[in-house]
Amino acid sequence: MIFQTPILALLLISALSAVVMLWAGWFALRLLLRWDLASGSRAQLEMERATDLVSTLFGFVMLAQLLSLLLYVFNADRMATLFVGAMCAVGTLNNNDWGFPTLYGKLAIFFVATMWLILDRADRTGHDYPLTRVKYALVLVIVPLVLVAGALELTYFLNLQADVITSCCSTEFTPETEGLGSDMSSLAPATALWLLGASGAAVALVGAASLIWKRGTTLFAVAGAVFFVVALTAIISVISPYVYEHPTHHCPFCILKPEYNYFGYVLYAPLFMGTAFALGAGLLQPFRKVESLAATLPARISKHVTLSLASFVVFGLVVLWTIWKSQLILFG
Amino acid sequence: MKHWLRRQRYLADFTLAALARRRVKNTGLIVIYSIIVFVLASAMMFSAALRNEAGTVLAKSPELIVQQLVMGRHEMISGSEIEKLAGIRGVASVKGRLWGYFYDSVNGANYTFMVPDDESYALQPGEAILGGGIGEARDFTWDTAPLFVTSLAGKMVKFNVRETFADDSALLTADLVLISEADFRSFFNLPPDVWTDIGVTIRNELEIATIVGKAQLVMPNARFVTRSDIERTYQRLFDWREGLMTALAAAGVLAFAIFAAEKASGLSAEEAREIGILKAIGWDTGDVIAMKLWEGGLISFGAFLAGTVFAYLHVFSFQAGLFEPILKGWAVIYPDFALAPHVDGLQLATLFAITVIPYTAATLVPIWRAATADPDQVMR
Amino acid sequence: MISLKTVSKLYNEGRPNEVCAARDIDLELARNKVTVLTGPSGSGKTTLLSMIGCLTRPTTGRVFVDGDMVSGLPEKFQTELRRTKFGFVFQRFNLIRGISVIENVMLPAAPLGPEYHELRERAQNRLERLGLGAKADMPVEFLSGGETQRAAIARALINDAPVLIADEPTANLDTVLTERFLEIVGELQAEGKTVIMTSHDPRIWQSSHVNTVVRMQDGRIIGVDA
């Protein structure tokens, strides 16, 4: 089962990421122990140079992991025909217990890597490496995450069995069965839309406050994260049915299929971007008083807030357009 | 944002000029890189096209096929079962099918004999419609030369060939011999009212499982093969073969990655001098790394494009001549056919992941090393 | 404007081929003056010039530019400093082959992503000022020695850096071109620029355009003549 090209590609990416991260982790340890900006010693200079390499590698890993996330979902969808009972990615991922955890792991890596890169860029604007220690402490947190996600992925693929009858989105995402998926889909559409609207308004207000009065950015990050969760719930509970024009089809993966014009990507991309920027802004907020960053960081934070708000607005527009265009009538 | 875009433009301009300056060194790299992409892309496109063909073909076959099993082996099925199946609710139509394999001792080939259920192929006794591969296997000097075969009873039978299947259906029909029902039964010594298997058409896909369940109660010794079972088997077979090829190609990809890493590390004196100059006049390490990444990017893009285009031509215009033996299996009759072109995003993304990513990974550290060189050396 | 305080430079530190190129240098370089560093080969003048221009970090000691300590800055900021404060002309002019003269002149500013036409105009301007306007699009391989040197100076001036640093700028030039070079130096000084260069050539340190001569030997400064 493992000898399928997309799977081999995914495992390759995980393996490369793991190797890179292990080295980065080891470097991070060395740096945290020996970093001393005042010393002009050769070792210090070499460490400073090596930080450039780590930044480049992180960028590479993040892009590779993003590709990996897309490939993973796309491939799960295509592989659905191999499993009895599976009609889309959900069935493939449900083949054993490791499919969904792997997906969550990849999502987590995407967010964490993006935030690290945001921190890294901010660090480089200060002439005394102001955030370097924080950055590399964060690396030590990211390394195990990447390793665990890679292990989950390997376990998932090794345990894929064709003869297991798996459940499809129609069982996973219906109100009747048990589980998170069904809890989300059983949320009444009207409630879901109200929640979406309310959390969207909250995000917009807090974001505006952050831009105008330069306060509350941390709250904005939290609001962004909450909006992300609410949006996902809304996608399952009410937006997907509008896309499928079918009141009981709640699957969040089927919208990525070609028969729906890959609409899922248009929906998810701004949502993910908006959340990433919101979290990034929140991450940078505590450092705005650092001396070497004081001149540029506040503007940078504002830029992230603006980008986040813009992305969320795009998401909102896409949602509204879907509802307006759909033949399905859920209300009235 | 504008600054960033403009910056990229300057970097790209400089990189293109630099690549042109070092044409010889880079040509070798691009050629090898393209070959790697070509091999992998050909394998993937070929398998995908076959999978696609299988899918298209199977779309027309009945949703369920029922076969009689005796002691685990396939046996002819009695016509009385047809009524049993027709009586199950949800079944649109039930038809007996007659087909079988025939080993031709003359050339060691296997033919598929079949009675067509499509009215347009209705045949008279003594007539046959042949697949394109049979004439070749039997060295026919003209298209509709009669077919002489020895029946199971030991008698020599002559079939007048009414027509031969066109090449574009060769994937399915190459080894096919269509004859009338009467001829079939007499050729294979079959009593009336037995069939090779029974094809069941079911209108609603979602009911297939239920109908199979009911049919199993009525016919406990039968085997039920659904269309999706067949699809799955084919897909797995093609996937596996493709995956095996990829795994084998992994050795090639690894060798290429090492080669690329070495090329990237071995900066010529000229290149080292150039980087020194750039750093001295005001480019920092990040700028040099960006420029080198552009270099890698342009090389990758060129190789990826070349490899993919040639693979596309190879598979869809030249029938993947280089891979036939591996991917099709061993048979005396090779269909000579043209596959319907089919490329999708998943394929390209996968191809990208197994070629460009290893290349980039292999060259990142050498790039960084080159970029962090001390500009002081320039002065000397 | 530029100060060096007890600056030393060791190459290949800790290794068998360790060499001390500069020892305990204390030096003050004034603004808007033309200074020449001179001395026999191996005296450390090129090393000193490297450290002044932030091309390399001193092993010990500090370098200050306009009062800010620059020797300890992360490399990225040193580069920014180099870009904004210094223009370099190297011993072999170091133009990049395979691209045109004007593209070479534009190079130092490229990573900042300025507007293309504006940058090109600026570059053309510098070239014209040095008499190379007509050869802007010519590949650099076709320039004569003197023209190459002038192109290098044009490149050094693209970012309007206040300090021009030149390493043996007239080493490969005849008397006429050397004179021309010194004239250009005089013009630049009149515009308010500071010029620091190294040279073996007596014609340079004896020129009326030069304000200070720093004599070096074995990595130390042995005399400063104003």
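Lettered A, B and C in written order, each chain numbered from 1.
The rule is simple: a residue touches a chain if its C-beta (ideal position, glycine included) is under 8 Å from a C-beta of that chain, and two chains touch if they have at least 3 such contacts.
Computed from a predicted model, the values in this text were never measured in an experiment.
> What chain is most central when centres are computed from CA atoms?
A
> Measuring centre to centre with C-alpha atoms, which chain is farthest from subunit C?
Most remote chain from subunit C, centroid-wise, comes out as B.
> How big is the gap, in whole Å, between where the Cα atoms of subunit A centre and where those of subunit B centre?
Centre-to-centre distance between subunit A and subunit B: 34 Å.
> Taking each chain's centre as its mean C-alpha position, how far apart are subunit A and subunit C in Å?
Chain centroid spacing, subunit A to subunit C, equals 49 Å.
> Taking each chain's centre as the mean of its CA atoms, how far is subunit B from subunit C in angstrom?
63
> Spell out, as numbers or ranges, the residues of subunit C touching 2 or more other chains.
Correct list: 75-76.
> Which positions in subunit B touch two or more other chains at once?
In subunit B, 285-286 touch at least two other chains.
> At least two partner chains per residue is the criterion; list those residues in subunit A.
49
> Inside the complex, what are the residues of subunit A that reach subunit C?
Residues of subunit A touching subunit C: 37-38, 40, 42, 45, 48-49, 124, 127-129.
> In the complex of these two chains, what residues of subunit C are touching subunit A?
13-14, 57-60, 71-77
> Show me the residue ranges of subunit A that touch subunit B in the complex, using the header's touch definition.
Residue positions touching the partner: 2-10, 12-13, 16, 20, 49, 52-53, 56-57, 60, 64, 67-68, 70-71, 74-75, 78, 81-84, 162.
> Which residues, counting only subunit B, touch subunit A once they are in their complex?
Within the complex, subunit B contacts subunit A at residues 40, 43-44, 228, 231-232, 235-236, 239-240, 242-244, 246-247, 250, 285-286, 289, 345-346, 349-350, 352-354, 357-358, 360-361, 364-365, 367-368, 371-372.
> Using the touch definition up top, name the residues of subunit C that touch subunit B in the complex.
46, 49-50, 55-56, 75-76, 79-80, 82-83, 88, 90-91, 94, 96-99, 103, 107-116, 155-156, 159, 167
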